[in-house]
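One structure is given below, represented as C-alpha cells, and several questions about it will come after.
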Amino acid sequence: MLGLSKKDTTFLLVVIFLTLATPILLQPFPEGSAMAQFNAGYPDLMQRFAIYGIFAIGFNILFGLTGYLSFGHAAFLGVGSYSVVWMYKLLSYNVLPGLVLAVITSALFALFIGYISLRRSGIYFSILTLAFAQMSFNLAYSVLTPLTNGETGLQVYTDDPQILMDAASPNSPHFFGILMIESTKVNIGGWQFTFNNGYYFCAIIAIIVFYLSLRIFRSPFGTMLRAIKTNQTRMNYTGLNPRPYTLAAFVISGMYAGLAGGLLASMDPLAGAERMQWTASGEVVLMTILGGAGTLMGPVLGAGFIKYFENIFSKINDNILHSWFSALPDGVEDAVVFLVHPFIGKGWSLTLGLLFMMVVIFLPGGLIEGGTRIWNAITGKNRKSNKPGQDGKHHPKPSAHVN
Amino acid sequence: MGILEVSNVNKRFGGLQALGDVNLDIAEGTVHAIIGPNGAGKSTLLNVLVGKLIPDTGTVMFNGQSVLGRKPYEINQLGISRVFQTPEIFGDLTVIENMLIPCFAKRDGAFRMHALKSIASEKGIIEKAEHMLSDVDMTNKRGMTASSLSRGDKRRLEMAMCLVQEPKLLLLDEPTAGMARADTNNTIELLNQIHERRDITMVIIEHDMHVVFSLAKRITVLAQGSPLVEDTPENIKGHPKVKEAYLGEAAA
Amino acid sequence: MDAIILQLLNGLDKGSAYALIALGLTLIFGTLGVVNFAHGAMFMIGAFCAVTMQKILGISTITLDPEKLDFLGKPLQIKTPIVESLFGKGLGDSIINWSVPLSILLAIPVMLVLGYIMERGLIKHFYKRPHADQILVTFGLAIVLQEIVKYFYGANPIPTAAPDMFRGSIDFGVLIGFAENAIIYPAWRLVYFLFSMAIVGAVFAFLRFTTFGMVVRAGMADRETVGLLGINIDKRFTIMFGIAAAVAGLAGVMYAPINSPNYHMGMDFLVLSFVVVVVGGMGSLPGAVLAGFLLGILESFASMNEVKSVIPGIDQIIIYLVAIIILLTRPRGLMGRKGVMEE
Amino acid sequence: MSQIELIKGGAEIDRPDFSKNANQAATAPAFLSVHDIHAYYGESYIVQGVSFNVHEGEILALLGRNGAGKTSTLRAIAQIGSPQMTSGEVWLDHQALHLMSSHEASRAGLSLVPEDRRIIAGLTVEENIQLAQIAPPIGWSLERIYELFPRLGERRKQEGITLSGGEQQMLAIGRALARDIKVLLLDEPYEGLAPVIVDEIEKTLNIIKEQGITTILVEQNAVRALKLADRAVILESGEVVFDGTADEVLHNEQLRHDYLAI
Amino acid sequence: YMNEPKGGSVVFGFNVPQTGPYADEGADELRAYQLAVEHLNGEGDGGMIGTFSSKMLKGNGVLGKKVEFVSGDTQTKSDAARASAKSMIEKDGAIMITGGSSSGVAVAVQGLCQEAGIIFMAGLTHSNDTTGKDKKANGFRHFFNAYMSGAALAPVLAKNYGTDRRAYHLTADYTWGWTQQESIQAATEGVGWETVNNVLTPLATTDFSSYIAPVLNSGADVLILNHYGGNMVNSLTNAVQFGLRDKMVNGKQFEIVVPLYSELMAKGAGPNIKGVFGSTNWSWTLQDEGTKAFVKSFGEKYGFPPSNAAQTCYAQALLYADAAERAGTFDPCGIAESLEGFEFDGLGNGPTLYRKEDHQCFKDVLVMKGKEDPTNEYDALEIVEVTPRAQVEYAPDHPMFAGGDLGKCNSGA
C-alpha cells in the first residue's frame, strides 16, 4: 500500500494510530490523582512532541543516513518561525501562507549553508554549520532586530498591516477558520482528555512527513545516503557524485526543520531568536542520538523524552513531593523528600543529564535499541546475552532500519 | 590505436620518481597485465588512470578523451571501473545493497534523486544484482553486512560491484591477493568468462604469476617507475632481466 | 596606535584563555578523538577549586556580638577565619590573600583524580563508539557536573579575588615608551598571559621530547596494533586525559579572578573552544594555540568602535566568520593533520 | 555465522577425521599450546574449540579456505579481544596468555603480523618501527631491519601508509622483528609481494627459525607454505580438521583436495 | 472565563527561572511566592497583609478559596517560558501567571496570557517596552522601569559628580539594554552631561576587556554600564581591574555607574561595587512598616533578607489576590478593572498607583550605592536617596513608551 512493503505499511498504520490516539495515551492517570502530575496529554506539550518529532525526523535524514552531523539546524527552525509570524503580520492569521513560506525560505537558506558547509566533512562540517547558525542567532538577537524584534521575539501588533484580515477573521492562528487553540474536552470517569485542533493539525502533518521519510529511507536515494556514510571513496569510484546527494539531504532536512519552526509559530504566534541558538541545534542532535540515529522512530521518541522532562519534571516542586509522600511518617517523609529533591523541579536538568548518560552507557543505539532488547527478551528472541560497552573493532550495527 | 593511451607520464613524490616516462597503449578487448617489483609504481599508475593522482607531465587518453583532471566519478561514468588493492566496499550495507548501488550508478548517472521510489519496485536492477552475485557465488551471503565478510569475500564482492557496471575498461589491483587457491581459480575463470562474454578490456596488476599467465594477453613489466619490457606472456617468462628483477625462482 | 596596542594586548590575553582551554580540549578531542562536551565543565570545576579554596580559608569560628544586631534584631555574628587564629593575623591574612595561586595546589590533584575517574569510569568505553554517542554521554556528564556545582554554590557568580599585589593595573605603555596612562593593563591579566605561556610550553615540551605523544597518536590511529606491540595504551590514554583535565582546571583556577566564576561558565566557553580547536586543525597542538590567539586578537579588534562603526555587529559574528573563512580556505584548519575526524 | 553452518552441513558426511592426529603428534612438550579455544564476534560463533600444539623452533602452517577462521584464531591467540575468547587456554612457555591482555601477551614474547598490515597512519616508516621498540623486550635494531629490507631504509622518513603495498608488508614484518619474540604469528605475509621478495622472506623465516623463534604461518599459497613448514594444521568452519606433518598434506591427494582444493 | 476555579481552591502559576544564569534570582522569587501563598491562606505571620492599605485580604484564601500553586521553569528563554506558562494554563488550570526575571520573557509570557485570557503579573522586568510598546490589557507590572531609573539617578549623579561630566555607555545589545541606555542618556543629558559614546556589547560576552580598554582614553570621565546579571558582574569587575576607578580624567575622579542594581549582582561583583551608584525597586533596609513586616517573615522563614525581586513578586501576588477580592471574581476582566487606577500603600514602596493607561505601577525609586564598609554579606548596598514618585512619573504617551496598545482585556471565553 502507498508504495510501501507490507511490513512498512503495518508500521505506518501503528504510527498513525499512536499519533492520533496520543491525547488518550498520554493521559493515563485520572485527574486529581497524585500521579496526574505525570500526565502529558495537554495541547501545548502534545504539539511540541509532534513538532519536535518532525524536526528530529528531518534531522535524522541528514545525520542518520549520511552521518553528516550538523550543529546548526536550529537556524532553519528559527527561519521557519520568523516566516510564519511575518505572514501573520502582513497577511492574516491563516497559517498556510506562512508554512509554505517557511518551507521555501528554509530550503533556500539550507541550500546556501549546505552548499558552503558540505565542502568539508566530519568535524569541519559540523563547525561550519555551527558557525552559520550562531551568526544567525547573534544577528537576529541584535542587529537584525527590525526583522526579528530581537530579544523580545517577533510577534503580531495591532497596527500591523494584516491586509487579508477583516472584522470576521479569527484573531489567532487558524487553518481556514479552524482555530489552533480550540480544544474539545471529554470527561470519562475520572479522566479528562483534551482533543486540540492545533495538535491534530501538527499530528497530520507529522504523519505525512513521517510517511515521506519512510519512503526516503526505502528509496534508492536513501541507500545512496547510507553508502555515503560508509565509504565515499567507493562511492566516487562507482561513478556517483556524493556532493549533490548530501546537499539534497541537507536541504530536505532543512525544510523539515523549517516546517517544524513554522508549526511552532502556528501553534503559538511568536518567534524568538533563541530558537536559533546552538543549544537548540544541540537539542535536536541529542534527541536523535538519544532515540537512536538512523532509525525511523527513534528521533521522535528522543524528542518526546527530552520535551517530557523539560516540561513535566521541571514542574514538580517540593510541595508536590510532600503531598506524594505525606503518608509516610514525618521524619521519613522529610528524608525521602530531601533525597528526591535535587532531581526534580529546578534539578530537572540534573535528572536529564543522568538519563543521557544512562541511555548511552546501557543502551548503545538509543531508546529504540532498548525497546528492541526488551521486546526480544519478552519474545525470547535473543539467543545470547549482549555485552554492551565492550571494546572491539566491530560493533554489530543495528542493521534493521525499521522500528 | 588502443582504448587507453598513456604517453610520457611522469610523477614525482618529493625526491622520488614514482613514474618516469611511462608510455602504454592498451588495445581494446585485451587483458593487459602490469607486473613489477614492489614499489615499482604500479598502483601509482593506476591512480593516475582513475583521476586520483594528476601526473606532473604527460597525457592519458581513454577512447580519445583525456581523463586527466576529471573527478573519479566522471571517469567511472566514462566506463572505467577499479578494484582496489585493499577492498573498498560499503561496510555498513548488506551485500545485496552493495550490489545495487553500482547498478543505479550505471543506469542513472552521477546523480539522480529517486527519493520517493521504493527499491523493491526496481525489479530489473535487483535481478541484475542478484545475477551478478550468483556469478561470483555469493548468493547465500546476500543479507550479510559487508564489513563482517572474510577478506576473500570482500574482494569478491568488490569485483562483482565493478563487473555489474559492465565497464569498458576494468582496472584490477591485485584482485586475487589473499584468496584461497580454489577461489583464485574461480576468479580466473570468472574474469575469463566476463572477458569473453562482454569483451571488457582489463588491466591487471598482480603478483601471483599463476593468475597473470592464465589471464594476460600482454604484459608490461614496470621497474622503478619505467616500463622495462612489454611483450606476450611466453616471452616475458623467459626474459632474463625480468627473471632477475622480479620473478626469481617462480619462473622455474 | 596606543589603541591598537591595547587591543593587541587584549587579544593576546583573551587568546591565552582560549588557547589554554583549547589546549586541554585538543588533547582529548584532537588527539584522543573523543568529542568531549564536558571539557567546559572541567574548566568550570577548576575555577570552583579557587572558590572552594577561598571558602576553606574563610572557614571561621563564630562569636556573637550582643552590642550589634543583625537584620532580624538578633545578636550579630562575628566571624574570625581559623587560618587567622592559627597563623596569626598577619600571616593568616596573606594566606587568604593568596588563595587563588594557592588553589593551584588543590586544583592539580582534584583535576587529575577527576580526569582519572572520568576516563577509567566512562570515556574508556567510548573510544570506539560513534562520536554522536560521545557527545551524548559527555554532554550528560557536563550537565551533571554543572548541576552538582549549582547545588552547592548556587547560580550566582562568586567573586574571587586575586592577591592584592596583582589586583590593580600596570601602566604598560610607559614600559614601552608611550605617554603615561596611554596603555593601562590589569596586572592579573598579564599574570594569566605568562601563566598560560608556561603551561603551553610545558605541555609542548612533554609531548615533543618524549615518545609519549607519538605513542598516543599511534594509539589513536590504531589501538589494536599498538597493543600488539606490547604497549599498554590504556594507561597512556588515562594519563593523557588526566593531563588534559589538569590543564583545563588550571585554566579555570587562574581565570577566576578575571571573571567571577559561575556554574555555567563552562558552557559559555564550550562552543568557542571547539571552534578554536577545529580552526586550529584537528590533532594539532600548535594549531589550537595559534587559533586561540588569532581569534582572540581578531575579536578584540572587531570590538573597536572604529571597526564597529564601519560594519555594525561585526563583533557579534567575527569569530564564526573567521572560522568559516579559514575552514573554507584551509580544509584542515590552520595546522590540522590528515585523516583525524574527517569521516 | 550462517555460512559456517552451511559449509559445515555439507562437510561432515564422507570425510575421514584427521583431527585425531592432533594429540598423538604431541610427543615433545609443547612450547605454545592452544587448548580448546572458543571465540565470538558479537553473537557470531567463529572459533569453535580449536586446539593444537607448536614446538619450540618449529614452523607451523595454519591452512584453510577463506573464512575458515585462520585470522580469527591468530587474533584469539594474541588476545586482541575481537573476536572475544570466551573459553580455552593458551600457554606460551609456561605463561598463561589467556589471562593476559594483548600488550601483556606481546611482552610475553608473542608477535602478530596482521593480515591487513596495520601500518599506523600519521607515523613515518622509522616511527612505525620505533613504536615497536618502546615496550620491552626489544629485538632487532633499526639498522638490522634496514639491512634485511633496504627499501625501508631508503624510505625511512616517508609516511608509512604511503608505501606501496609490498613495502608495507615489509614494514609490518620488520616491525615484528623489532621486538624480541618467542613466537611469530604471520597472517598471509606473502600477499602482495613480488616473487623475488617472497623468496627473500622465505629465507628470512628460515633465519628466524634458526634463531629458535617459533612461527605460525597462515598462507593461501598452501604448497609454498607446506614446503617451508614442519607441521600443518588445517581449519574448516572454525574447527581443526587436520593436524600433522607438512609432508603428510603435501603427499595426500585427498586431504589437499578436500580441505585446500588443490 | 478561562480556568474558572470550580472547587474549593484556586491555582496560581509561578513561572520563574530555575535553571540558567538567573536561577538564584528565580529561587528567591519562588520563596517570596510561597510566602505569599502562606500568608494568603492564613499561615505564618501574615507578612505585608497586615500593613497593606487595602484590608480585603483576611488570610482565608482568596474569595474563600484556598490558594494553591504550581511552579515552572522559564529558563530565561521566551520559548521555554511560554511552554511552561501554557502547561500551567492548559494542564494545571492556573488562574494567573506571575514571575520572570527578564524583559524578553515578560513580554513573551504577557503576550501569551493576553491570547489565552489569563492575568499576567510581571515579575522582574525593567524594560520600558513591557508597559510601553508591548503593553497588554491582561498584563500588569509592579516593578519599576528604565525610564524611572534614569529619572531617579540623574539628579543624584549630578549632585555627587557635578553637571559637567562626559559619559561613556556600554550597553547590552538587545532590547532591554537599548531602552535602558536611551533612558539614562536622556536623563543624564537632562542634567547637563555629555554622552561621549555608546558601545553595544554582544549578549554572549563574558570578557569585556576589549570594550573597557578604550574607555580611559576616550575623554570620558564616567562609565555607565547598561548591563544586567552576569554581564554586569563581569563588565564591572573588568572595569575595576583596568583601574578605571583609580584614575583622574579631565581633572575629575573617574566614576562608574550601574543604572540597574540587584542584590545578587552586588554579591557577585563583590568589593568591586563599592561606591558605585545604581537604582533598585526596593531594599530590605528600608524602614517603613510594610518592609519591616516582610523582611521579618521572609528572614525568619529563610534565614536571610529578601531581594527586591522577591519583594516585587510577593507584592504582585498580594495585589492580584486583593484585586480578586475587591472585584468579587477571578474573571480577568474584573481583576483588570479593579487593578486599573488602584492606589495603595503598605507594600514597602510607599503610596503607589497602578496606572490605568499602561498598567505600570508608580512609586518611589531607590538610588543605591555600593557600601564602602559592609557589615555582612547581605549588606552590600546602601540607600542614597528615595526618589519621590512625582519625579519619576511620565505621560503614558511619552516617546519612549509610545507605539503600543493595551487592547481589550481577554477573559478567554
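As written, the chains take the letters A, B, C, D and E, and residue 1 is the first residue of each chain.
As a convention for this text, a contact is a pair of C-beta atoms (placed from the backbone, for glycine too) under 8 Å apart; a residue touches a chain by one contact, two chains touch by 3 or more.
Please read all numbers here as calculations on a predicted model, not as lab measurements.
> Using only the chains other than chain A, in their current positions, what clusters of touching chains do you get?
Result with chain A masked: one piece.
> If you average the CA coordinates per chain, which chain's centre is most distant from that of chain D?
Relative to chain D, the chain with the farthest C-alpha centre is E.
> Report the chain whose mean Cα position is at the greatest distance from that of chain B.
E
> Calculate how many whole Å lie between the centre of chain D and the centre of chain E, each centre taken as the average of the chain's C-alpha atoms.
Comparing mean C-alpha positions, chain E is 77 Å from chain D.
> From the C-alpha centre of chain A to that of chain B, how far is it in Å?
Distance between chain centres: 46 Å.
> Taking each chain's centre as the mean of its CA atoms, how far is chain A from chain E in angstrom?
Each chain's C-alpha centroid was found; their separation is 35 Å.
> If you average the Cα atoms of chain B and of chain D to get two centres, how far apart are those centres in Å?
Roughly 29 Å separates the two chain centres.
> Among the residues of chain C, which are close enough to touch at least two other chains?
Counting only residues that touch two or more other chains, chain C contributes 224, 313, 316.
> Hunt down the residues of chain A that sit against at least two other chains at once, touch-wise.
Residue numbers touching two or more other chains: 138, 141-143, 349, 391-396.
> Check each residue of chain D and list the ones that touch at least two other chains.
In chain D, residues 41, 82 touch at least two other chains, as defined above.
> Show me the residue ranges of chain A that touch chain B in the complex, using the header's touch definition.
3-5, 212, 215-216, 218-224, 226-227, 229-231, 233-241, 244-245, 248, 252, 394, 396-397, 399
> Looking at the complex, which residues from chain C come into contact with chain E?
2-3, 6-7, 9-11, 13-14, 17, 68, 70-72, 76, 150, 154-159, 161, 167-169, 181-182, 184-186, 188-189, 258-260, 262, 264-265, 268-269, 299-300, 303-305, 308, 313, 315-316
> Help me check something: in the complex, which residues belonging to chain E touch chain C?
So the residues of chain E touching chain C come out as 20-25, 27, 173, 197, 199-202, 204, 206-207, 209-211, 213-214, 216-217, 230, 233-234, 237-238, 241-243, 246-247, 264, 267-272, 284-285, 295-296, 299-300, 305, 375-376, 378.
> Okay, in this complex, where on chain A does chain C touch?
Residues of chain A touching chain C: 63, 67, 69, 116, 119-124, 127-128, 130-132, 134-135, 138-139, 141-143, 278, 282, 285-286, 288-290, 293, 342, 347, 349-350, 352-357, 359-361, 364, 389, 391-393, 395.
> Contact residues on chain C for chain D in the complex?
211, 214-215, 217-218, 221-222, 224-233, 283, 337-339
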